[in-house]
Amino acid sequence: MTQLHAVNLHDYAALAQERLAPEAWAYLAGGAGDEATLADNAAAWAALKLLPRVLRPLHPGHTQVELLGRTWAHPIGLAPVAAHGLFHPEAEAGTVLAAAAQGAACALSSQGSTPWAELVALVKDEPGRGPLWAQGYWQGSLTRTLALFEQAAKAGMEAIVFTVDAPVHGARDRERRAGFVLPAELSKANAVLGSHPPLPAFEAPPLCAGLLVHAPTWAELQALIAASPLPVIVKGLLHPDDAMQARDLGAAAGWVSNHGGRTLDTVLPTAAALPAIRAAVGPAWPLIVDGGIRRGTDVLKALALGASAAFIGRPAVQALAVEGARGVAHAIRLLRDEFEIALALCGCATPAQLHPGLIHKA
Amino acid sequence: MTQLHAVNLHDYAALAQERLAPEAWAYLAGGAGDEATLADNAAAWAALKLLPRVLRPLHPGHTQVELLGRTWAHPIGLAPVAAHGLFHPEAEAGTVLAAAAQGAACALSSQGSTPWAELVALVKDEPGRGPLWAQGYWQGSLTRTLALFEQAAKAGMEAIVFTVDAPVHGARDRERRAGFVLPAELSKANAVLGSHPPLPAFEAPPLCAGLLVHAPTWAELQALIAASPLPVIVKGLLHPDDAMQARDLGAAAGWVSNHGGRTLDTVLPTAAALPAIRAAVGPAWPLIVDGGIRRGTDVLKALALGASAAFIGRPAVQALAVEGARGVAHAIRLLRDEFEIALALCGCATPAQLHPGLIHKA
Amino acid sequence: MTQLHAVNLHDYAALAQERLAPEAWAYLAGGAGDEATLADNAAAWAALKLLPRVLRPLHPGHTQVELLGRTWAHPIGLAPVAAHGLFHPEAEAGTVLAAAAQGAACALSSQGSTPWAELVALVKDEPGRGPLWAQGYWQGSLTRTLALFEQAAKAGMEAIVFTVDAPVHGARDRERRAGFVLPAELSKANAVLGSHPPLPAFEAPPLCAGLLVHAPTWAELQALIAASPLPVIVKGLLHPDDAMQARDLGAAAGWVSNHGGRTLDTVLPTAAALPAIRAAVGPAWPLIVDGGIRRGTDVLKALALGASAAFIGRPAVQALAVEGARGVAHAIRLLRDEFEIALALCGCATPAQLHPGLIHKA
Amino acid sequence: MTQLHAVNLHDYAALAQERLAPEAWAYLAGGAGDEATLADNAAAWAALKLLPRVLRPLHPGHTQVELLGRTWAHPIGLAPVAAHGLFHPEAEAGTVLAAAAQGAACALSSQGSTPWAELVALVKDEPGRGPLWAQGYWQGSLTRTLALFEQAAKAGMEAIVFTVDAPVHGARDRERRAGFVLPAELSKANAVLGSHPPLPAFEAPPLCAGLLVHAPTWAELQALIAASPLPVIVKGLLHPDDAMQARDLGAAAGWVSNHGGRTLDTVLPTAAALPAIRAAVGPAWPLIVDGGIRRGTDVLKALALGASAAFIGRPAVQALAVEGARGVAHAIRLLRDEFEIALALCGCATPAQLHPGLIHKA
């Protein structure tokens, strides 16, 4: 139990910082460079001004969305974060149980502390649970990458989240100053057989060192989608043209993300990137968004601007650090309630009624 | 008597914070979410730059406005706030006496600590007093809502302020952290007979819980206006289309408000919403505005941009907390004098001479 | 002698604050309301970005300007400030001697501590001195106002600065909190015979109290210009239409000013008002500007945007407070040198070469 | 060795401030006036938002650029700074060795602590070194200026950097307050024979004192280019017309600079000046840029907006102050690695692929 009763996601961040070792906190909370994008992501949602409507029928209302062939209880999900074992002994098990209990979508990193199969088994039969997705990177070859994702399919995952915005590690000064190195024993639960060249670290510059030979291109994405045992969601889109290309290659959905400001700094915040991407890909193709979502009003704005769902990364792991599964469930509940209230206060009975006109054009 | 002599409304806020218990202060001063709208409301008025005129005739001058069939000594009023008894033993009696002494309009909450009839009786025959209005919410049915407002009419109120922007409570984190609950004995003075379902609290999400069955729609507003014993002022308008609809349904006036930033956060500040609403409803329909009015220049700008009158919420109650009726009267006087000086310094002899050209277009 | 050697005008402000009694500092440094205009005035000059030119001929160069029938050594002057005796025993004598030594224009308030005649006598025959102007307000009637200005003419003043932006006092909260009252014995050196109703103070609202019967209008200005023994400069212009009207009535020059942010708060800063005024009145009519001029680059920008000269108010009096005439002379010298350097670094040999293209259009 | 391990250029600034005497720090870190341009330079790069592309081929990749007839390992160089001996005993020798080891271009000030010939001799035969340039000012006559630059040619320099934005010293208040004077023995290593009038100091205003007789104009630049033994790079351009004129007179390259905010304050930041200059001069003429480059993303943005290379001034000298040549080499390495990572994360295999579309248009 915590002394400060958390009433919003900010509280969980503050409580987690108190509890975690400085290096773990640096890894969890930090971003690339001067952390401008980290701050901009959250500020960009907050800066959007709502123009709510009144006296509209709110009954019968609900927060459900239809997405990727399934009904979600609400449009909030958990973005993939590596190595939950760093933050709490319950690790990914705590996270996945909490997500299931709150009906939230859950994307689980390939660099987790717990094998996917174990995690899916924990919640597979939970009636109200949200979708379970496996997230991974290109593994140097199509064969190896498919091996990873077949592992996910076999475990019972419903989709693949394929991250394309981190062909090399970003320069995370906070981590480097704290001397943080991701412990192998907490991040290799889903590693494929054989030794894969790790993502090139900052000290070994990628271009000259030739490590980028292994970085994937659109051709590799196309092959991956064709051969994948599961629908592929392409994560890390900021440019409308890239989103259109992913859609045209058959990706099941796009994920607007700047990797939470952890790879490249001074990047366009996702709230600013989303509208042009929605306009480019048309109304039908599902779009996930993450980056700076901290309030129910942020979720609402994301959907009003064209997102199909909004995902949180750091906040859920911060809640895990504070109270394990109980903290994560509470954090999702807080955000979900805030979203529901915001929906009603904007005059919308359901998420489907959200539209860009609810955001004031400055 | 206070040690710091208040020379403006900010001083009353500082003095009230010193005097009130932390929970009462959290309830009075707080807003929804991160309190962005609370701050934006005041900042938006301050950010408007005046372009004053010189050497214009200022005599004979006055601050009177004609509004809703009556002459007001000046265009400043007190917005409804619940449970004045929380802040000072004089409660709403102190407020209403001060308003009457200063000729200010006074809108009294249905969730007050003192019955409307008692309050009206105190000042009904005061020659220079301003209008007295009763504010309330939808009571779950037309019958119950009319019962509340007939009570207001019987008490001698002159108009009804019907609040439409809070079908559910907002998430006020500051209150929740302070563990504040509005005491029933200080907020039920005007409760109608029978037990009414209270506004759904944050912990019971409105849409799923079905409580919004009771939220009013435009149809209910229309019926209410048709049957109301008093003119109805619709409070909580931010969108021009909603304002036009309220006007077309026969509302006596519109009230541009975001509930002082207490329901939904990151909403458009009222100073930014007002011009488009005035443009939409035309010059004749009266428009009240509140939200962040702290200076005489704010009142002047509100009128220049199309408001018929400008109301303050928290500042009057803060002055009540500091010195009861005497504080409230002084606070109104300060604001009124600031307005009068600003009027003269802008080259206007009367409020009717105010116009949008006095605000610099950036 | 001071311990901190002042190298710019900011230093004189800091040093003056250390030396002055809090009430005198509040009077000198304070502004109206929340002092937003006070801050905006300086910030608006700083925010203008220079686009300097290189390799242009700088020889022969100088800082002289031709203005109101006279060559000025440089375009910097001292704006009128009341009661210099409050700040240093040398009072206006110190100021006027310093201005003369530095060739700066000097406008002396009618509410000074020293009679105009004494001040003019001190420097009249100084060969390099700048122009000497007498500043005053409407005195309730044309006769009384002319009496004041004939006194100025007799003393040897060269022009009248007629202030039109303060028909009533502004609400200066800092002064009121400090309990400051302008001492009559330090501000009546030029008072005309007979007891004149003082400017209405804040506690006596102007419109209702009828004091504005005495506020001047365009008709009074016209009569004053017609009868004035000296050229009349109209001070307090912010709107282009008002500037054009003053020019058309025969004023010798206009003075773009918001009274240093001391009367009305949240007014357009003078840097923002100047370009439209210059565009409206055409290139020939002289325009003085004050408000927030603290750096040589501010003087340069003022001239580039159409001002004929730039005046400082508080900084000179702050330097007086620190070291009397010696401080004022040094302050003018610092600003003049900064201006000269800025002129050369912008690629201009003389002030006449300054033009709006030196300011970047954002 | 330092206690804080520097992981970025900001760290070197902090460490240098700890180690340097206050006067040397004031000289190195300070800027003109209120140091607004100093801050704006860095902020302007950071404010540009990247819009990276994904899944593009990154192999084979490199950071090389072709510039002024030579292949550079990367587009980062060291801008000229006077008197390195003030900051570390290794002085310019440390700097030039570090630059050579890291393949960085190095521009060496004529006001250095070590003769050019000695410096060139140290690294001339280093295979991977970058270009070596000599920087200087007009020396009062063409003969004297050519004498200086012939000295550079004889030493083995490859180009002349001719600085045109400082015909007079700026007003650097921080230096003046610290009482700093550039020691002759540390800044005269390349002085030409005979005593030359030094640049006019602040206390001797340039225009009136007639010292600007010696400031060069376009005619002098033309003569210098015609007679120069080496290609001439014109440093200090902010206006597109000046850049075109330099190009048309035969300058080998232009250098967009505001002298690091050290001469004139509130100048346009170089990041804002660069695009219009590139548009004006066309794609072929090489453009160097400096001012506020602190991150690899800054280098990337500079090239995306049309720069051919990006130079750092203070950061390299700060690293020199901390650890001599070793610090400088590490600082260049950090920036180079950041640039390489940013290049890959923007989807570009080489600097030649950078283009304005990578910067979001707000």
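Order of writing sets the chain letters: A, B, C and D. Residues in each chain are counted from 1.
Keep in mind that, in the parts below, contacts are C-beta pairs under 8 Å (C-beta built on N, C-alpha and C of every residue); 3 or more make two chains touch, one makes a residue touch a chain.
From a predicted model like this one, the values you see are computed outputs, not experimental measurements.
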| Between chain D and chain A, is it the same set of residue numbers doing the touching on each side, over half shared, or a different set? | different
| Between chain A and chain B, what's the gap in Å when you average each chain's C-alpha atoms? | 42
| query | So how far apart, in whole Å, are chain B and chain D when each is placed at the average of its C-alpha atoms? | reply | 59
| request: Would you give the residues of chain C that are in contact with at least 2 other chains, written as numbers and ranges? | output: none
| request: Spell out all pairs of chains that touch, sorted by label. | output: A-B, A-D, B-C, C-D
| query | Can you list the chain B residues touching chain C in their complex? | reply | 5, 7-8, 10, 46-63, 295-297, 336-338, 340-346, 349, 360
| Touching residues (chain side chain C, partner chain B) in the complex | 33-34, 36, 40, 164-171, 173, 176-177, 202-203, 205-208, 210, 212-213, 215-218, 220-221, 236-239, 241-242, 245, 263-269, 272-273
